[in-house]
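So that you can tell them apart, the chains are marked A, B, C and D in the order they are listed, and the count of residues begins at 1 in each.
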Amino acid sequence: MTSKPKKVVLAYSGGLDTSIILKWLQTEYGAEVVTFTADLGQGEEVEPARRKAELLGIRPENIFIEDLREEFVRDYVFPMFRANTVYEGQYLLGTSIARPLIAKRQIEIARAVGADAVCHGATGKGNDQVRFELGYYALEPDIRVVAPWREWDFASREQLLDFAEKHQIPIAKDKRGEAPFSVDANLLHSSSEGKVLEDPALEAPEYVHQRTISPEDAPDRPTVIEIAFEKGDPVAIDGETLSPAALLARLNQLGHDNGIGRLDLVENRFVGMKSRGVYETPGGTILLAAHRGIESITLDGGAMHLKDEMMPRYAKLIYNGFWFSPEREMLQALIDKSQENVTGTARVKLYKGNATVIGRESPLSLYDQDLVTFEEGTGGYDQRDAAGFIRLNALRLRIEARRRTRLGPDGA
Amino acid sequence: MTSKPKKVVLAYSGGLDTSIILKWLQTEYGAEVVTFTADLGQGEEVEPARRKAELLGIRPENIFIEDLREEFVRDYVFPMFRANTVYEGQYLLGTSIARPLIAKRQIEIARAVGADAVCHGATGKGNDQVRFELGYYALEPDIRVVAPWREWDFASREQLLDFAEKHQIPIAKDKRGEAPFSVDANLLHSSSEGKVLEDPALEAPEYVHQRTISPEDAPDRPTVIEIAFEKGDPVAIDGETLSPAALLARLNQLGHDNGIGRLDLVENRFVGMKSRGVYETPGGTILLAAHRGIESITLDGGAMHLKDEMMPRYAKLIYNGFWFSPEREMLQALIDKSQENVTGTARVKLYKGNATVIGRESPLSLYDQDLVTFEEGTGGYDQRDAAGFIRLNALRLRIEARRRTRLGPDGA
Amino acid sequence: MTSKPKKVVLAYSGGLDTSIILKWLQTEYGAEVVTFTADLGQGEEVEPARRKAELLGIRPENIFIEDLREEFVRDYVFPMFRANTVYEGQYLLGTSIARPLIAKRQIEIARAVGADAVCHGATGKGNDQVRFELGYYALEPDIRVVAPWREWDFASREQLLDFAEKHQIPIAKDKRGEAPFSVDANLLHSSSEGKVLEDPALEAPEYVHQRTISPEDAPDRPTVIEIAFEKGDPVAIDGETLSPAALLARLNQLGHDNGIGRLDLVENRFVGMKSRGVYETPGGTILLAAHRGIESITLDGGAMHLKDEMMPRYAKLIYNGFWFSPEREMLQALIDKSQENVTGTARVKLYKGNATVIGRESPLSLYDQDLVTFEEGTGGYDQRDAAGFIRLNALRLRIEARRRTRLGPDGA
Amino acid sequence: MTSKPKKVVLAYSGGLDTSIILKWLQTEYGAEVVTFTADLGQGEEVEPARRKAELLGIRPENIFIEDLREEFVRDYVFPMFRANTVYEGQYLLGTSIARPLIAKRQIEIARAVGADAVCHGATGKGNDQVRFELGYYALEPDIRVVAPWREWDFASREQLLDFAEKHQIPIAKDKRGEAPFSVDANLLHSSSEGKVLEDPALEAPEYVHQRTISPEDAPDRPTVIEIAFEKGDPVAIDGETLSPAALLARLNQLGHDNGIGRLDLVENRFVGMKSRGVYETPGGTILLAAHRGIESITLDGGAMHLKDEMMPRYAKLIYNGFWFSPEREMLQALIDKSQENVTGTARVKLYKGNATVIGRESPLSLYDQDLVTFEEGTGGYDQRDAAGFIRLNALRLRIEARRRTRLGPDGA
């Protein structure tokens, strides 16, 4: 860990912080820097990052700018939604799920350009450093990882800005003071943390929200949409087949307009502390409801219960950064196996913060109206079977009750 | 199983169906019938059941009418909510949780009056028969259970009504035709099933809802309330200490008025079929959100994750009728242990179907602003620790990655 | 369920009981009987069943006799052993795992010969009826199932024998009286139950054992063998590649000779009662030890722990008869995914009841001597990393401890 | 973390390594050292540690020597055995379970003497450092932890010995060269690791074993003992009531004499590497078998299955050092709840490495011979109930099978 990195692939946003890191890598280590800027749907142009990198002296062949939106949604977001994944009962893991893909591309670029190190801009208190670095190590075990926020000696934001100024890094006027909160965003969600959000007793101010209007501001009329699924993944909205990223973007717009997907929670970080975040996952929130809806008629009960019991563990693995781990892949195999017949259409009503499934149908439905009807149907269900079913399920309880009786009222 | 019951404690609502059962027990078995009518907050008067029972020839000492609302909420609903219990990701188990208490009281009454049998009015296709009877058997292993719907020979509703008429059981005019759906209700929820709801592709009609106005009809202004918890249970609303039943009733009113707690889902019954139900759990939906909110700052992360992983199994036990089972009690011990410090206040915003936690505070909070702040705090967190933390978490992934490298690009 | 079966595929052993069933199917229902006799390695010739069936009037084209040993071991036993499966901590599921295959072949034969029913000889108190019938229904949902032991009116063994005599079914002399215990056997194990074993306080008599000599009678010298695995399945013993059935047979012989694989336990049946069985699984016991041995160096820790936590549930599914269920297949996908690199050799010492792994090696080993050595190695492990690892793992415990301190010594 | 410790409570064995640590604490930090030496049944006298500490300049009031054997077995070993705890399918956690108690006493002594720091002698590659330190932090969150092996600059054993010599620490002649393996021991087990054991392909040499004779050397005649349990804990052997420590010591002797409890395995350390250990747990191995035996007749099936599924997670918590964590305590509450009726006697045969349960009886037995007998008993079991039980269990499988049929043979 003590050798200097020679050539570093930096996850570069083009913003002030990663620009400082870029320059710090050059000055601290004399390293050749390769920048990697990905469009994951964060909602900002990525091309400006090219110009900024060039201004900071990066050679053109060392600037990588890629649109990863389709890969992100297809290979990361959708597989995760197959499990109805939520962390701690609520969080849709919008930040967590993006990190493995960035890490993977950094490693691939490092191999392509012959870099010996990779670098990210995550701080030393958060989960993202873990997610990046577990990804790096799982894919390239002997890579040199540079984590500037844990390594450099800047003791304050002021010192950082001095460094930036000294190295002619442009500082937007509004960055002079500190932002009132920090943001991460991609096609699945945006998150806001810190500063004005640090007291969990206080309501998050309206202005931290970026992806949704408030339910109060949403239209007074519901919007109803139909989402079609094939093998557990959404493929069309209202009959229009869409690519993964296009579909999620469409859902995001619908969610945005109807005030759907806001979440304000205190969560447990992998590094051991509680933190408060405000998340907005408009499309994901609709997708989760719809997926549960289509599963409800196409997935066997035993399969569903197994999935539901596995989900918290699967969510924790993703949250903690173990996407590229054997156990996440094992759970994915289990989940994917369950989705083979999760095909059909869910109808969802969107209204002022609510995404409510109001109908579901499928050629592969396991719902059998003949069975369930109050009239004696033709589904082959004999009510008298229930007597035996109950009596054998009760047998061990009865045996235990007889023991209690033997023991007397006070169990002694 | 073949002997005739002599004295039967019947779970008696006073309605047409259980009145027919009452009469059928008398005529089929010549049994002495003891009626038990409980107020669980279903929203109907229970005293009329006394008069009806008397009309059907039940002696006064054989008529039991009880208000169980406080016991229901305190000993069944609240313990269940400690686990943030939902079945199949969504259902708050409003029907399931009421059955064990009814079964328990029937058995206690059977002991008190010397009855040899108990009887319920649940059909042979549903979960409730299982829940009643597992309860009976677990508490009194050799009780004789009578389940008329599985036993009698009536082949149609018409025949039932003929029987009623023949025995002077009053039939309300609107019962002549069949109800467009069937209802169960208690202080936690109401459920609607059957008939007009049997096609899961079709939206549930507005008129099946009973406990809530629709979000669209709810006020345009949010209502904000504060719910105080002690050791995992709610104890006060907006500073006013309330008994369990009074508190839940208050939340129900608030939920009702704000269109909160509607659920339309297809679920997997224990007896093996899928069914569609519309549930309304206004107070419970608010309570679940608030409980998660107060847990988020007072419950350790490891404890929370363990609870979350156990929850689906706990929910399934309750849904399937195993409340009085050793394994439910074991899980309850685990859950209750976790709630010792779940004390504090959650602030919840109610608005058109949404129950959103917007603030939480507690003298026992584990949230530490000093730790989480972006500024270097005094909480004793050294960012450099994260490097070692990550590297050891990564170690096994790196070893596995090296194996892949040894194996070559195609893993062979 | 009330129509008479016309053509029935009977799981026929050729023994007295299934011969009685055969004749009963003919006389009770006038059904055409198709016999299916499988060699699953039970240790008896199957060809004699042909002659017996013919004697009882079965037409040659209705007699199916098959050697299923390879399929049994390859597709049922080995997949199960990939999970190190034991039920209730001990039972290797030797009976349970054979039932699905028999059920599957019965259904396939029923389709081939146009039969409308299948029939087995399992009693109404055991697990096997469940395993057979869940298999039937899962593969052919509308098949008619005949379970004579639950259906016929014979009230005693005497009546059964009278029926046999009346229908010229040969009765071996020693069957006149009742057997002192009942037996099931296949290539994986033999089981003994009932009669002399019914008091769990009493030691099982030596004579119930069939597949093993007692440890006391085994040789005074250990035998050491090497078992090679590929992707989780054993493929060779002492360098000799063997087919699945041949390999298991070889292990059975080795286990037999060294008194390995006896188990005397009280287990919980799916139908709700406890029963006592004596099982002998000589080869399986060796295989389990060896498989754990090779996994110990080739399987990642996270993968192993996930497998270990899933195992009891997987075992229960097999025990309860849910082999052909979505959730068993999901778990199998998870398990199989984990086995991709479980390749290598385990050395096992066999000695008087003990099967002890004494060495394991693999080209895919994850064990790294450089890492683990007490000397500072070159494996890239920096002991100082452990400090950060521990401190962040401790962080939430410290925060909780500080809360206790705030609360004072009595937590109030 | 940077301040110097002033007064340190050292876990002191009296051996060379912890004596070096003692002196290093004095010389490196100028710290006042308090020694704590516990008798956990490691089999060495603890009083000599007093003299050694005095020789190294420790004041009498700073020397703590305690016999913790009863507390160790009663409050740590027995609770763990209630869960039938094994790590990775095999390891009885003999080392892991001793660490929390040592940590707890060190913290209590630190409070009593006003020390600001604690210190242990575990290396930086193992699990024990984690177990000690998580214990320290969980009980005293702001304690200063000194871990010399991770902190000092000695680069080789040679340098350590030079330091010892320089400070007049006596070095036993046989310590001049390095030990061929390292040992940990307490009343539950002994472990051997390192050096001659580092190649997992090679059999462990006989001389590493300390607590057992080899099965080959054990008597040719079995020994049969009876172990009585109350509420899950053993209380008597062959009718003689014994204290926890005396009982475990007795079992150890019996296990030793019969070659029981040896284990040679490769395990996954919490710090991410695989290591090979040889463990001897003679009494514990017998106890595990006996406990399973008594549970088999006194514990409900549902309770047992829940326990069995929780066990791997519970084992992992103990292995990883989380004894003093909320989630371990929650699991303990669940486990303890299950043990209320685990009372009775198991008879165990000990013979050349085997500990085999051959009989179990209990006044609280759930085993019901009437139910299980092949004869129709009086236990209230109606074989015909099984038909309904099976049909409802099969229902969802049949519905799924019908879907497959609808889809056609190729599922399309």
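As a working rule, a residue touches a chain if its C-beta (ideal position, glycine included) is under 8 Å from a C-beta of that chain, and two chains touch if they have at least 3 such contacts.
Listed by chain with UniProt protein names: A, B, C, D = Argininosuccinate synthase.
The model shown is predicted, which means the values in this text are computed figures rather than measured ones.
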| item | value |
| --- | --- |
| Both-way neighbours, i.e. chains that touch subunit B (Argininosuccinate synthase) and touch subunit A (Argininosuccinate synthase) | C, D |
| From the options A-B, B-C or A-C, the pair that copies A-D, where over half of the contact pairs coincide | B-C |
| Inter-chain centre distance, subunit B (Argininosuccinate synthase) versus subunit D (Argininosuccinate synthase) - centres from mean C-alpha coordinates, in Å | 41 |
| Euclidean distance of C-alpha centroids - subunit C (Argininosuccinate synthase) vs subunit D (Argininosuccinate synthase), Å | 31 |
| Residues within subunit A (Argininosuccinate synthase) bordering two or more other chains | 142, 268, 271-273, 300-302, 305, 313, 322, 325-326, 366, 368, 371, 380-382, 384, 386-387, 389, 391-396, 398-400 |
| Contact footprint of subunit A (Argininosuccinate synthase) on subunit B (Argininosuccinate synthase) as seen in their complex | 84, 88-90, 123-125, 129-130, 133-134, 137-142, 147, 149-150, 155, 182, 194-195, 198-204, 215-216, 220, 222, 262, 264-268, 271-276, 292, 296-297, 300-301, 304-305, 308-309, 311-313, 316, 322, 324-326, 347, 349, 351-354, 356-361, 366-369, 371-374, 376, 379, 381, 383-384, 386-387, 389-391, 393-394, 397-402, 405 |
| Of all residues in subunit B (Argininosuccinate synthase), those that touch subunit D (Argininosuccinate synthase) in their complex | 1, 142, 268, 271-273, 300, 302-303, 305-307, 313, 322, 325-327, 329-331, 333-338, 380, 382, 392-396, 399 |
| Residues of subunit C (Argininosuccinate synthase) that touch subunit B (Argininosuccinate synthase) when the two form their complex | 300-302, 340-341, 364, 366, 368, 371, 380-382, 384-389, 391-393, 395-396, 398-400, 403, 407 |
